[in-house]
Amino acid sequence: MQDLISIFVKSIFVENMVFAYFLGMCSFLAVSKSVKTATGLGIAVIFVLVVTLPVNYILYEYVLKPGALAWLDPSYANLDLSFLSFIIFIAVVASITQLVEMIVEKFTPGLYSSLGIFLPLIAVNCAILGGSLFMQERGYETLAQATTYALGSGIGWALAIISLAAIREKLKYSNVPKPLRGLGITFIMVGLMGLAFMSFMGIKL
Amino acid sequence: MDTNKNLYTIIYSTVLVVLVAVILAMAAYLLKDAQQRNISIETKQLVLRAVHLGEDATQLEADKAGYIEGEYAKYITDTTISEGGESLPLYICRIDSVQKYYIVPLHGAGLWGPIWGYIALKGDINTVYGAVFDHKGETPGLGAEIATPQFQAQFADKQIFDGDNFVSIGVIKGGAEKGNTHQVDAISGGTITSKALESMVKTCVGKYLEFFKSLKEDASQKLLLQSDSSAIASPITDSTAVSATAAEEVTSKK
Amino acid sequence: MDKKIYIDPLFRKNPVTVLVLGICSSLAVTVKVEPALVMALSVTIVTGFANLIMSLLRNTIPNRIRIIVQLVVVAMLVILVDQILKAYSYEVSKQLSVFVGLIITNCIIMGRIEAFALGNKPFPSLIDGLANGAGYGMILVIISVLRELFGSGTIYGFQIIPLSWYAKNGGFYYNNGLMILPPMALILIGLFIWVQRSFDKDLQEK
């Protein structure tokens, strides 16, 4: 239990997808102009992460990992399909985002129209694929750990994008040097927020 | 041609998937040997570094891999010992006929991911000759410091036994006591990794205790002095076939 | 051939600083020059070939599965790059770790396929892909040179700041630890955009 809490807190604050790894920056920069859309996208990312990561975890553990197919037949114990993991992960992510898009379109048309083209972008959102790849890289031991990691990193991503959107809303009223306006100041701001998040580094759980 | 028909779509995707699968499987098959050689070289280099060998390999641009393999073949013997039904890998290093080191592989879980290493014991099965550690993704500047020579150098000349009791080596937060031969300094800020490393050394070396005991008894009967390879032959199954599987085991565990 | 295809992506339409594509994954690899170079090269190759293949296939792809086909082709190329790196450049591939896989979701690749390769002949598509990859790689390498120089005192592993300058050797100099931390990559890009837009007033935002 303790390790789950530790994974959860770490994935939100210390190893924040945005501030520590720059994952999901594209939709992050494109959407985070108003808090409302940012919140919508944030929730969508949390949802997609929590759904895709366990699926990919199970696929990796029972199909892709070296020797993972041994449960089918002992003679498969030497089989190593891990070279297929990228393609399988992205296929799972793409099909699940498609599903989410259809659900959102059907039940909350308001949200769908405000998120516009950004929902399909989730399929190629690095934060989603990144979550699966980090899961593989770090070798989480149980499904619970992988799911906790998904939830934590999703919340961390949403937190980052919502707070950035809030700052950008305020920024409209500031007198920023002309060449720095828009993109430039946003980058610097994300950097400064990343520095602030680094203060969580020494956290011990 | 109408590219939006269902049949066309299905055939198209099937052909694409089969084609991609064939290309990838071929690439994986062709490159497998080179990849596995890289992994085995990495293991070998770590084993060598535990006994302070092959350290100039990083400056060697030309044939690093060949150099490591040569040195390894020259000094290191892979074996396995069986203990309680479990077979454990062990590396024995002979630099000349006098010096002989026992290298125990270590593996455990760090803060973010796996950590592993090798610890080399001198012929008295007590004093540490050298140790190396590596990690997958510990925090840079904090936990990742376990992979630095400065941290690893602390382990030299420490002792894992206090009299006859196995005490392992403590990684002490806030600094080891001066002159204590069973303690090293922890990494400041890397407490969790330090603790993980301490327990890794304790559990992994702990598995070999019975074997070490029998080695020591043999030594006290002065069998070791008479001939240095036959004395340890009893607890060790020293055959190339076994060594190969042992080496594989180590790499796969990583 | 219009030389805009290969000049623009380097400067006026640089994918990173102007089009804001593909910042996602790869800035985390700019602490040192070597992984950044390998990353830049990998992205350039993948973008080029993905563009080429998609341009060759552009008239045969069923529209409904267009995105999936793109993802499969890109993922295949990335897996090939990853396998080759693991076989011939193992040390670097360890440093890049998951970021090689993340090339798949690098927006530049999908962006260029959608914006260029699906509507143009194979050869210009290849050039367009390579040029965009290079424009991206250029930023990556510039950032990594700055970060490695000021953060570790080296460039591509060679010591640039004289060792005798360092405080521990009796000098006055300290490495700037901030440069090694991830946020610095973003701040550097921000400054880079500032410089570029000061010279090119058309790019400024209101």
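Side notes on the structure shown:
Lettered A, B and C in written order, each chain numbered from 1.
Definition applied: contacts are C-beta pairs under 8 Å (C-beta built on N, C-alpha and C of every residue); 3 or more make two chains touch, one makes a residue touch a chain.
It should be emphasised that the depicted structure is a prediction, and the values quoted were computed from it without experimental measurement.
Counting steps between touching chains, the shortest path from chain A to chain C takes 1. Centroid distances from chain C, each centroid being the mean of CA atoms, peak for B. Our note on geometry: chain A versus chain C, Cα centroid distance of 21 Å, whole angstroms.
Rounded to whole angstrom units, the spacing between the C-alpha centres of chain A and chain B is 34.
The distance from the centre of chain B to the centre of chain C, each centre being the mean of the chain's C-alpha atoms, comes to 35 Å.
Looking at chain C, one finds that residues 68, 72, 76, 79, 83, 97 touch two or more other chains.
In chain B, the positions touching at least two other chains are 20, 24, 27-28, 137. In chain A, the residues that touch at least two other chains are 83-84, 87, 137.
Looking at the complex, you find that chain A touches chain B at residues 66, 80, 83-84, 87, 137-139, 201-202, 204.
Chain B meets chain C in the complex at residues 3-5, 8-9, 12-13, 16-17, 20, 23-24, 27-28, 31, 34-35, 38-39, 41-42, 137, 140-141. Only residues 19-26, 29-30, 83-87, 89-91, 94, 120, 123-126, 128-130, 133-134, 136-137, 177-188, 190-195, 198 of chain A touch chain C when the two sit together in their complex.
Those residues of chain C that touch chain B in the complex are listed here as 59-65, 68-69, 72-73, 76, 79-80, 83-84, 86-88, 90, 97, 180.
Chain C makes touch with chain A in their complex at residues 17, 20-28, 67-68, 71-72, 75-76, 78-79, 82-83, 97-98, 101-102, 104-107, 110, 181-187, 189-191, 193-198, 204-206.
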